[in-house]
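To start, I am sharing the structure in question, which I have written as structure tokens.
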Amino acid sequence: MSVDIGAALQGIHAALPAAKVAMRTNPGPSNQHSLLVGNESLVDVLRFLRDHLDFDLLSNVSGVDWPDPAKADAVAVFGEGEETAREHGFLEVVYHLYSTSRRVGPLVLRARSADRGENACVPSVVSVFRSAEFQEREIFDLYGVIFTGHPDLRRILMWDEFVDHPMRKDYVAPDDYEYEPTPHDDVLVKAKRHYPAES
Amino acid sequence: MNLFAAISTEPALWSPEWLPRLPQRLVEMLLGFLGAPEWLVSIAGFLVAAGTVVGVFLGGFALLSLIERKTLARIQNRIGPNRAGWFGILQPVADGIKMLTKEDIVPAKAEKFLHLLAPILIVVPAILALGVIPYGREWTPVSLELGLLFFFAVGSLTELSVFIAGWASGSKFPMLGAMRAISQMVSYELPLIISALGVVMVSGTLSLPLIVEQQGGFHLGFIPAWNLFTPWGFFAGILFFICSIAEANRCPFDLPEGESEIVAGHMTEYSGFKYALFFMGEYLGLFAISALGITLFLGGWQAPLPGLGFLPSWIWFFGKLAIVIFMFLWIRGTYPRVRIDQLMRFAWLCMIPMALLTLPAAGIWTILNRDGHGFLAWAITVPLLLIPCVIVTVIFNRRLASANRTYRFAE
Amino acid sequence: MKTGKPTRWVLPGLGLFQGLAVTGKNMVQSFYKKERMTTVQYPEERAPISPNFRNFPFLVYDKDPKAGLRCTACSICEKECPPQCIYIVLDRDENGKSLKRPKVFDIDLSVCMNCGICSEVCPFDSIYMDGEYELSTDDRFGGLLFGLDRLSKSAEYHMKLRPEQASEVMARRKADEEKKAAAAAAKLAKAKADAEAKKAEAEAKAAEGKGEDA
Amino acid sequence: MIPLLILSPLILLAAIGAVWMARPVHAALMLALTLALVAVLYLALGAEFIGLVQFAVYVGAVAVLIVFSLLITRPGDEAEEIERRPRSLVTGLLCTLPVMAVLAYTAASGSNIKLIPWQPKLSIAELGEVLFTSHAPAVLALAVLLTAVLIGAALFAREPDKTQDDSSEK
Amino acid sequence: MISDSSMPYSAPTLAPGADDDQLLHVSLGPQHPSTHGVFRMNVVLDGETVVSLKPVFGYLHRNHEKIAEGVTYLSSMPYTDRLDYICPLSNNWAYAHAVEKLAGIEVPERAEYMRVILAELTRLINHTAFMGFILGDMGAWGSALMYAFRERELILDLFEDLTGARMMANFMRFGGCRNDLPAGWAEKCSVLVDDYGPFLDEMEKFLVGNEILLARCQDVGQLPKETLINGGITGPMLRAAGVNYDIRKAEPYGIYERFSFRIPLGDKGDCYDRIMIRFLEMRESLKILRQALDQLPEGEYVNPKAKIRGFKPPVGEAYARIEGPKGELGFHLISDGTVNPYRYRVRPPSFINLTLLEDMCLGLDLADVVIILGSIDIVLGEVDR
């Protein structure tokens, strides 16, 4: 059963007038439109959805890297008369909520960080949904989104000493591939570049 | 030395009973022929007799390590080792070579000396314990008057060696394994000994050959007069079997080395030949405890049916041993492991009270049978022993009732 | 420990005996019931392999291993290959003109994950999945890097391996070829006709020119 | 006499080791060794029953219990132990003094004890009969004491559970 | 309804006043016999009681999502086989389902039936293997595992016949399946479905009444249903606790509405219920298989309009999920209109089901931890991706 996103939006507006929530349409055929939620009201909105609209299952939390904000707006399209496009790239967290009792979903929520650098912060929703615990850690690990209020924000898939965030679009794989003898010239050239001392 | 008071008489030379003692006799005859002093002859004979037992059971160990794998494989619908030699008969040799040539790894944190001592200490008591078992009518390597006591005294050394192994490895899984092993062995040694005490009460002796001899003959012409076929003996025999599973650290009581939880328990940090020694100690201990159970309850070397006495008695003994060990293997192939608290609760709340109950039953049985009231003995001991069975059944069923689950189905 | 009122009475340990019965039955039956057995004694007997079994890719050639290779080095498989284990170099003549055949076609079997996507995307019916599976070698790098010499297999091999697929492909190729031949013939005929027409025209022109000249 | 001469220095050495070892586990193992050697001495003296019982009870049970309690509690610092040694030595000597004094007194006033002549071996049956007839009160008293100890131990063992439950309820 | 106070997140710390000297810090894994691969738990034990448990992941991490962003849509399909390698065909379906949603591709009826048959066979494989694994975790010496694997082999033979590979099937395509059923396949499958019931009977006799299993599994690893839902637990684990939530019923994908089957629901949600629910689910799967095999229509096995080469879905995003054998398996795809996905995210059930592992294990024995981990039924290929 697909979700009546307009009703959910109205409900949020009625209960939390201060919350900044805007609808974004999905141009594709999947018909899964989303709600863009302001960071400051994200936890309240989720709690409201959980407690009053029965969206009790936070199925999925995805991180998305948008170095080019125009692309983000192409996937989640503005309604008319809304805020203008951002100038800088940002990191986005997408939440997919379902209701086990009403059996509807997914209700797609998006939260965006201010930028891709130091202010890549999104509030943690672990206090509302435990299922976000490991997924937020994963997004922190792979994208570098800092979830403020997460109880145990450590790397989860990469090892603790790892520095970069590998899922970012501008991530460059390090020079640590294993050399193996090969007859292929371009691989050899690459190997020479990586092991200048040996060649 | 009166410690080794000989009970058995010299076998007739033509008897097949004589066979296991052939090496001993040959050495003694040879030394006597050479004119060696008597003490030398007796010591040499003693050593050779001990060597025979050790040799037999080391061979048995090698064979069992193969048979166990074969049996478990069959239980699991596999074939088991069949590459080394005919039907994999050389597999133990291959295993032995592998074990011997493996690197002996001693953890950096280990206590070197104790780490070495533990595997030795675990083999020694098992071999010592095997020495007092009567294997045949004429074949008791060391016939002790206090054989049963000796068996338990020596067997208690196993706990200490398991502790040393666990502690000296300087690692956590061995430590956990040692803790489990000690608490388990101490708890199960109690019902083990108590259930064996009934036999002592009835036969009035601690000498194992005498205990076996008293189980000779047949009731009604075909039921062997083994202790197992008396009410208290049946009861105590089952308890003894369960406890011996726990004492031998076999599934479902193999917690000290529960591989799915604590890797290999006290043996985690052992490799190569030291590990092989643990393995050997475990199997020899299994042999010893099964042999004791056979001696106490299954009539030792006595033939199971009249008219079968033409076969040498030790064949019967080893036949029974094979059956008992097969039971161990079968159980291992079937059951999951119990948890430590369940194991302890089972020991203290079920095994020990029931074992204690066999003592009065055995006492009543002895007294009444001595006075010739055979029927009365049955009439009193059977209800006496049935009471706890009924209680256990009731408790079990009440618990099972709460354990039974019903499941709903949503359309 | 909670207790309840039992609805039916069972002997303690009944479940344990049931378990023993099941394993005992399995053990006894393992001696005479073949379908009970879980294992196959590998070098002597082999588990039956389905004719559809796929393992590593191979290249098909018709008749001649070099000239008859169907591959045109179009590099579609190279691009679609998920683990990027295919390496193709296009053969060119001295002038740098494409010869529409691979100079190098390597598949690193240590990387290949047997997915079969290369054979699916190939528009030239050139690459198919082999059923060979005993390919272990002690040379980790060279031994598992298959070049053209080891990858090329005849169309007959393909026919033997997967008769259904191969005959369908052959039929299609034959039809294509016939069509092509027909087209070529038609083209030839047309060219001839054109040429003749041109010739005629030229002749006519020439005649005209001659005439003009004259 | 020969076994005594061989065994007694060993027993002494092991006993000193039990006191002197810095690591508690080593000390406990040395204690087990001492007890085992004493058992061997009994056996050598012909007291088989007592020897085997000594082995089963002291080596098999008491030493194992000591060792087990060492396992479940974390022992103290080794260096501290070594530091404490002189004091321990003094305390130990002070403790042995009365025992030695008594022994010396009895040895000096040798007339009071007579050497028991070699008796025919006491069978276990006789031993049991003596225990349960003439010495029955003592055995009973011991049994009552042990039962009380057992119950007390069980009560003590249960107590931490209760406190834990309390704390979790809060 | 969950009030906030009932659900505070407390980072599990040691009890105040707990003497750290008396505690044993044990690292279970990554090379431990019963962590189902290279999983690690940093466990703090008091005696043998678990005081704290921290899972450590990532030993099998290969950044599946990053790889998928660099290759075409189709090229990710074989990678999904390697997520949960016990049941590749469910993964295939979940991914194909997501791409179909993203690009709006119709699936022909025959292909839908084939998918249902394959997914339910996969469920049988997974649950059968689970029985063997959990018995192994409990310390039984592999008998159950061998029996389970014998039956699993028969299903794998079917897969080999159909897809060409026993495990790494790579079979589903956007808009259908890769090839049609070979001749005689449906009949073979039908025979297998008929023979599976007796095997389940034998297995049930072997396991369910076993007192040791009852003692080991009952009242172990229970949590209230609200906590389970809140923790994102899905699949048999959730249903064992009595929550009626099966995506096949709640949000029927494919053609699941056409079949009559029931969702078994447990009561307590302990490890025993989890085992039993899987048993019952297998029987329901057999029912679905029987119906699907009987109704299997003729027709296209793949939508002919779906492109294989140069497949470019329109700009947009889609989240689609199926009821995998281990729980809710979802794929979140974002397309920017090129041949490569812009964002490819797997919602792995094994990974998220581990969220509440510590809560389940606290205060229990070390031996229980192993069983609880086994009853969650994880596959590290999916957890670490």
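First chain written, first letter: the chains are A, B, C, D and E, and each begins at residue 1.
Simple rule for what comes next: a contact is a pair of C-beta atoms (placed from the backbone, for glycine too) under 8 Å apart; a residue touches a chain by one contact, two chains touch by 3 or more.
Predicted model only: the values in this text are computed from it and were never measured.
Touching subunit B and subunit C at once are the following chains: E.
With every chain reduced to the mean of its CA atoms, the largest distance from subunit E is reached by D.
More C-beta pairs in contact connect the chains of C-E than those of the other pair, out of B-D and C-E. Distance from per-chain Cα centroids to the pooled protein Cα centroid is smallest for E.
If each chain is reduced to the centroid of its CA atoms, subunit C and subunit D end up 80 Å from each other. For this pair, subunit B with subunit E, the centres built from the Cα atoms lie 45 Å apart. Centre-to-centre separation between subunit A and subunit B, using Cα means, comes to 63 Å. Taking each chain's centre as the mean of its C-alpha atoms, subunit D lies 59 Å from subunit E.
Contacts with at least two other chains are made by residues 75-78, 175, 179, 333-335, 400 of subunit B. Of all residues in subunit A, none touches 2 or more other chains. Counting partner chains per residue, subunit D shows two or more touched chains at residues 72.
Across the complex, subunit D is touched by residues 2-3, 114, 145-146, 149-150, 152-157, 159-160, 163-164, 166-167, 175, 178-179, 182-183, 186, 189, 204, 206 of subunit B. Subunit B contributes residues 71, 74-79, 82, 330-331, 333-335, 392-393, 395-402, 404 to its touches with subunit C in the complex. Residue ranges on subunit C touching subunit E, taken from their complex, read 12-16, 18-19, 21-23, 26, 36-38, 49-50, 52-54, 76, 79-82, 113-117, 120-121, 123, 129. Contact residues on subunit B toward subunit E in their complex (touch as defined above): 72, 75-78, 172-173, 175-176, 179-180, 251-252, 254-255, 258-263, 332-342, 400, 403, 405-411.
Contact residues on subunit D toward subunit B in their complex (touch as defined above): 25, 29, 32, 39, 43, 46, 48-49, 52-53, 55-56, 59-61, 63-65, 67-68, 71-72, 121, 124-125.
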